[in-house]
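We call the chains A, B, C, D and E, going by the order they appear; numbering starts again at 1 in every chain.
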Amino acid sequence: MTEQSPSTRSATESPPVLELDDVHVRYGGSHILQGVSFDVPATGVTALLGRNGVGKTTTLKAIIGLAPRAGRIRLQGREIQSMTTARIVRGGIGYVPEDREVFGGLTVDENLRLVAPDEGVEAPVVGRLFPDLVARRGQRAGTLSGGQQQMVSLARVLLRENALLLIDEPTKGLAPKLVTEVADVLAEVARTTPVLLVEQNLPLVRRIADRVVVLDAGQVVHRGAAAELVADVDLTRELLGVSMRREGAA
Amino acid sequence: GSPGQPGAPAADGGTGGATGGSGAAYKVGLVYSKSGPLASYGAQYRQGLTAGIDYATKGTGAVAGHTIQITEQDDAGDPAKAVASATDLIGQGNTIIAGSTSSGVALQVAPLAKDNKVLFISGPAAADAVTGANRYTFRSGRQTYQDVATAGSILGDVKGKKVTVLAQDSAFGKANVAAVTAVLGAKGATVSSVEVPAAATDLTPFATKVKGAAPDLLFVAWAGANATAMWTTLGQQGVFDSTKVVTGLDIKATHPLFGEVATKINFLSHFFEGAADNAAYQALDAGLKKQGATVDLFTNDGFVAGQMIVHALEAGGGDVEKMVTSLEGWKFDGPKGSLEIRAEDHALLQPMFTATLKDGANVVPQLVDTLGADVVAPPVTPFK
Amino acid sequence: MTPPTDHVTERSTAQPSTTHTPTDVVVVGNTTAAPRNEEVARARGPRRLLGTVPVLVVLVVLGYLPYVPVELPGILPGRVNGPGSLQLLATCLVIGGIALSYDVLFGRTGLLSFGHALFVAAGSYLLTISLSTWALPLPLALLAALGLSTLLALVVGAVALRVGGIAFAMVTLAFAQAASIIVMRNPGGVTGGEEGRPLDRDAVPDLLVGVANAPYRYWLALGFVVVAWVAVTVLVHSRAGHAMAAVRENEQRAAVLGLGTYRVKLLALVVGSFLGALGGVVHALVLGGSNPHLTTSEFTLSLLVMVVLGGAGSRWGALLGGVLYTYADARLVEVSNAGFLQGMPDVVRQVLSQPLFILGVFFIVVVYFAPSGLTGLGGRLIRRSGSR
Amino acid sequence: MSDLVLLLATGLGLGALYFIAASGLSLIYGLMGVLNFAHGAFMTAGAYAAWLTMGALPADWPVVGRLIVGIVAAVCVGALVGLVVEVVLIRPLYRHHIQQVLVTVGLSLAGVAAAQGIWGADPRAIDKPAWMSGTTDVLGARLPNDRFVYVLVAGLLFGGLLALLHLTRLGLVIRAGVENRTMVEALGINVHRTFTVVFALGGAAAGLAGVLYSQYAGAVSPAQGGSLLIFAFIVVVIGGMGSLTGTAVAAVAVGLVQQLANYYAASGVGDLSVVLLLAVVLLLRPTSLKGATA
Amino acid sequence: MISAEAVGWKVGGAHILDDVSLTVGAGELLGIIGPNGAGKSSFVNILSGVTRPSSGRITLQDRDVTGSSATRRARMGLARSFQTSALFDGLSAGENVRLAVQAAGTAPFSPFRAAGSATSTVIESLLTRVRMPGRVRTLARDLSHGDRRKLELAMALASEPAVLLLDEPMAGVSAEDVDGLTEIIGEVRDSGVAVAMVEHHMHVVLGLADRVAVLHHGQLLAVGVPTEVTADERVQQAYLGEAL
């Protein structure tokens, strides 16, 4: 257990937007999250890192009410751990799931209209970030390529004002060029909305994340500023089994 | 040690006393529809039976000092359940089984009677095949042949006439077609049929076919649902304009279902309220009133079954062979009039009726004619 | 059928339905019925041997019942070894075995067939017909009934398996429905129409006829269950059984692995149908005839209900579901005619006196409180008490 | 010629009835993945509601007036039954599709049995406006007037449902919810409420079908809904589960095929015609008519 | 080993693939890259028989397999993974692998062959190889995303195929394991298997591929050795951008 960070909170003056306090998730007999506690400050990108299967996705699901959870979760000071998913989302959390989960039978436009009934694909943010989607507005989302579906999934949450975005591996399966673009989008979004980001692409984390939280086996093993982690090769190797530097160089 | 006989009761006596010493009850098992689609037939049968036993035992409910103990089982119209129930009842020592609201049940239970040598008195089931099924099987109701023969009488002399049968494409319907062909065909009528598949929802095509055939007499053999739609359709397509229409009169509850054409139909009837009048009828009427019920189609079958049970017990005690012999050839008065159990095949020879439905809100059947048992007697079908 | 694209596959792992065949939702593909995996539980040899102990115990107890002269008032009609009780138990066992045969298709392979009744009825009717109409001796009649039924399964399966999902369900339903109509129409007088066809008593051994011989019919039914149980056990532990599980879980994936999914499904259908036909044969012997209820789609539907009630993909589940369903169906008539109803208000009494009402409510209650079937419920209880 | 006109017209009327019965089924199936076996019981509920209402209204009202009130009652009762069933029985089993189906099987048994217990197994006559029992001569054929009513109602229902699904936000949510309920929820939309609405709508359509079918049959009986349900199932399947347009086309096709086969084909074939049609359609076009029409 | 000749695929008037010809030889690893929606997965689907092309020819081990089913091609020694893992969700990870092992080989399917022939050691070693030891008993549906990807790879390897098609094997795999899996794929190639791999992780492609094919709008934009291709300006513009 490395508690390196002197104080995450000093970086931001305002109170955290999200607080997790001793959150547990159990599926049947398996204890997946074993007392996870961390805060998400009200600005910037907080990256949630860890090896495969440590519980990153489960953490996001616990926050949004898609996993059976115990413990306390506060959004802007309000306890949300016993609310339904729909209420939590309306309370200001946007969620981009790991599996894209677009509505395959609906057109691109209809997918977006679910969130923004009046604008759909015409919303300025879509035209600016994902012109490809505008061109494919009438295509059924199920026939989109993997990357295109990822765009729909991202666009969907950007259509609404959110207090916090939970984004699970947004660049998975995206072409390198698009990864860069998405990174830019996220950086821009994070200027106005705090983001809790799960990501395996460490160069991207380095580029846009302000803080990191590292999970291992259902527990938080590290909290700190992103820059610190990047700077400390040994720590990165210990926590994530890989060095960010080398990745970046590739 | 090795176990005893499988299926045997406990060695130390136990409860087994099914038959035996004087004063023990005579056990009669009933297998009929208390629930399921034929529940109302079953209810009528049961009410009639109570009245019948009461009448035949002169209110004592006992034969020669032995009370008649009735055990009831519900077959819900399902032959498989009926077989299980009958097995159970026979196993419990009932030497008489009665009931069978539906033909399917009657035909599946009849072999059991023979296998286990018990008396079986079939109820409202109309299938001709129950007659002559085996030595142990009797019936207390009428059979299809008698229905059809009655219909034939309505047309009078059928020689050279065209008769069409509109029937459901089922065993019941087919039996009717066969019976009409046999009865009326033999008298010189040309018989054709329009068979309606069970799954047909709209009956217009069949009404059109009937209309196209332009018969002198239309015999309708229809059981169960969408009767109203069928009659309405026949009316709409103008079948009644040119053809005499005959059908069987079902239980009271169905009388309002003929709709507007009710008065244009000629009915043959097994039995209805006011069809006959004699001591047995009055006893039936009174017996039913006591139970808060009224005379209806199948109360007769129950009543007659009651009479037959009592007669058999009087003559044979618990001895099945004696009971069988006592019933064969027995002549007696039932609510319909005088009846005879034909010795050769156990057909129940009985009078039949024709009727019309009176107009108005309360459609009440009116007797038109009574046909003697001999006029409508089925041919003999010896035991297999 | 247009082969589904990669995209479909992609989504189907993540979402409960696909656009191409939204129908697959109810079908077993993505089922939430979560057929339990016995393979997981019994992986190794000694464990598997241990697993057979309860089976043998149950078998011995069941086999001994005809020697138990005890009365269980309210539970069984008369003595346990009385003819009524044994007949009832025999019927329950036969249907339980047939449910087991249906589970080969439904629970093991994920084939939602609405036509299983066809094969059960084929076994039953072919036996009565070959005994009575064709006057074959019993061994030949058995051979004819089973052989022809299996052939029928092969033909029907070969055609129906060209499609999948609900379409498969409906094609099998169409076949079964056609057979039902034919049986009802009583061609040449061989099926007896809606009245059914009694068994020719002279053609079967005396031991199977008559009320007094109920124990032998009971043992016959028990024997059938044992045969079905063993057959299913062997099947699920064979490679074919594994392939069936693969087809159930993800058919396209199985195809890409090189498993001949069509053949796997056909095998499952034929084996299931053979066992079903065997059940039909025994059914005819136990009940003394064939009746058209066996041909109806309601019968298949009730098989489905049994399997799911008990727990799909588990031998205990299917068997227990079949036995309990049949028992409830038969005994609820007693409940609904029971005396205690007399004191109730009219409407309540009238409603409660309908056995089907009680049966319907019974299902709802069971499904509601044990969504993964009775065996699932049992497992849950065991686990809970174990963890405390 | 007049025969053909008559058969086509009545076939169309039959198709209209099938469509009305199937629409609710298709709606619930398509959108929730629940093959609602209780749909027949819902129809029965509607029919009895109308029958009771018509009986309770003053007898000196014109039959048409009583019928209209009866229809309203049937639709309301259908919707209410659907609503209650969804909230109480279906919702708690959301992750268990097959179990949901089983619950509806149980309901169908219990519902019909309850009706039978209360009102008896026998059909009860229901009043029908005189005009609807009459006929109109068209090209020498006597067309029963009530068929026009069924076709009209079916048309309106079809249009209404299509508009609902494709033009409203509710429709959009419904269509999305079909595919991935969790995700709709994760977008902040209350799916529970939407599905309840869908079930109530399906129930209302069933109620309507029930009362119209009782008019058609001239009587109400407990098993009535079930007998119509079989055809509704077939229609929904041929039409491609969940596709409203497919359902409409299939309903008309089944109605016409049944009518024509019953008249022109040899006895017995008529009965098989519909199942044969079903098998052939499925084997030739496994994805059903949907692809061709939607 | 496997080759596509002038393959085209149209859906409802849209050309998804247009005149694509590519060959992968034994012991060769072909990287397939291209922007999202370029048609890479569609191409893999066509090679593996999941989709039928509208035009062109596929040959596998010198036999024309354009018309044959996915099952048939699998039995001829072709294995593949899916872009989003397609697993037997209700079975455990071990059973998934066991099925893949059992289905392997060119022997016709024999239903009653003893089930135990795939020993658990084989299964366990395969799972260890893809860096997910101790997961044998976990149901596939309960695996985390990255573990599903690895299991997918294990299944593709299990059959010891002659031709291996991988659709984004690294998507979602944790940074730590990417190197390990890369190594495994390299070994497989070195053992003489023809591998075609769609992948967006450029360092993986560059490290592994003998040749790289770039698809763009369904057309083959470039084929060649990695350094050459990545230097191509069109490729940079269409695909790489300023890569992270």
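Keep this in mind: contacts are C-beta pairs under 8 Å (C-beta built on N, C-alpha and C of every residue); 3 or more make two chains touch, one makes a residue touch a chain.
Predicted model only: the values in this text are computed from it and were never measured.
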item	value
Shortest chain-hopping distance from chain C out to chain E	1
Which of A-E and C-D has more C-beta contact pairs	C-D
Identity of the most central chain, Cα criterion	C
Maximum centroid distance from chain C, chain identifier (CA atoms)	A
Chain whose mean Cα position lies farthest from chain B	A
Rounded Å distance between chain A and chain E, as computed from the means of their C-alpha atoms	28
Averaged-CA centre spacing for the pair chain E and chain B, given as whole angstrom	74
Separation of mean Cα positions, chain D and chain A [Å, integer]	46
Averaged-CA centre spacing for the pair chain D and chain B, given as whole angstrom	37
Per-residue overlap in chain C, given as positions that touch at least 2 other chains	5, 7, 10-11, 13-15, 19, 22, 181, 185, 353-356
Per-residue multi-chain contacts in chain E, two or more chains	41, 83-84
Multi-chain contact sites of chain A, meaning residues that touch two or more partners	99, 101, 104-105, 143-146
Chain B-facing residues of chain D, complex	3, 6-7, 10-11, 13-14, 17, 113, 116, 120-125, 133-135, 142, 144, 216-219, 221, 223-224, 227-228, 230-231, 255, 258-260, 262-263, 267-268, 270-271, 274
Chain E contact footprint on chain A (complex, rising order)	27, 30, 50-54, 57, 98-99, 132, 143-148, 150-151, 169, 172-181, 183, 200-204, 207, 240-242, 247, 250
In the complex with chain A, residue positions of chain D that touch it	169, 172-173, 175-176, 178-180, 182-191
Chain B-touching residues of chain C, taken from the complex the two chains share	64, 66-67, 69-71, 77-79, 81-88, 91, 181, 184-186, 192-196, 198-199, 201, 209-216, 287-289, 291-293, 329-330, 333, 336-337, 353-356
Interface residues, chain D side, partner chain C - complex	29-30, 33-35, 37, 89, 92-93, 95-99, 101-103, 105-114, 116-118, 178-181, 183, 234, 237, 241-242, 268, 271-272, 275-276, 278-279, 282-283, 286-288
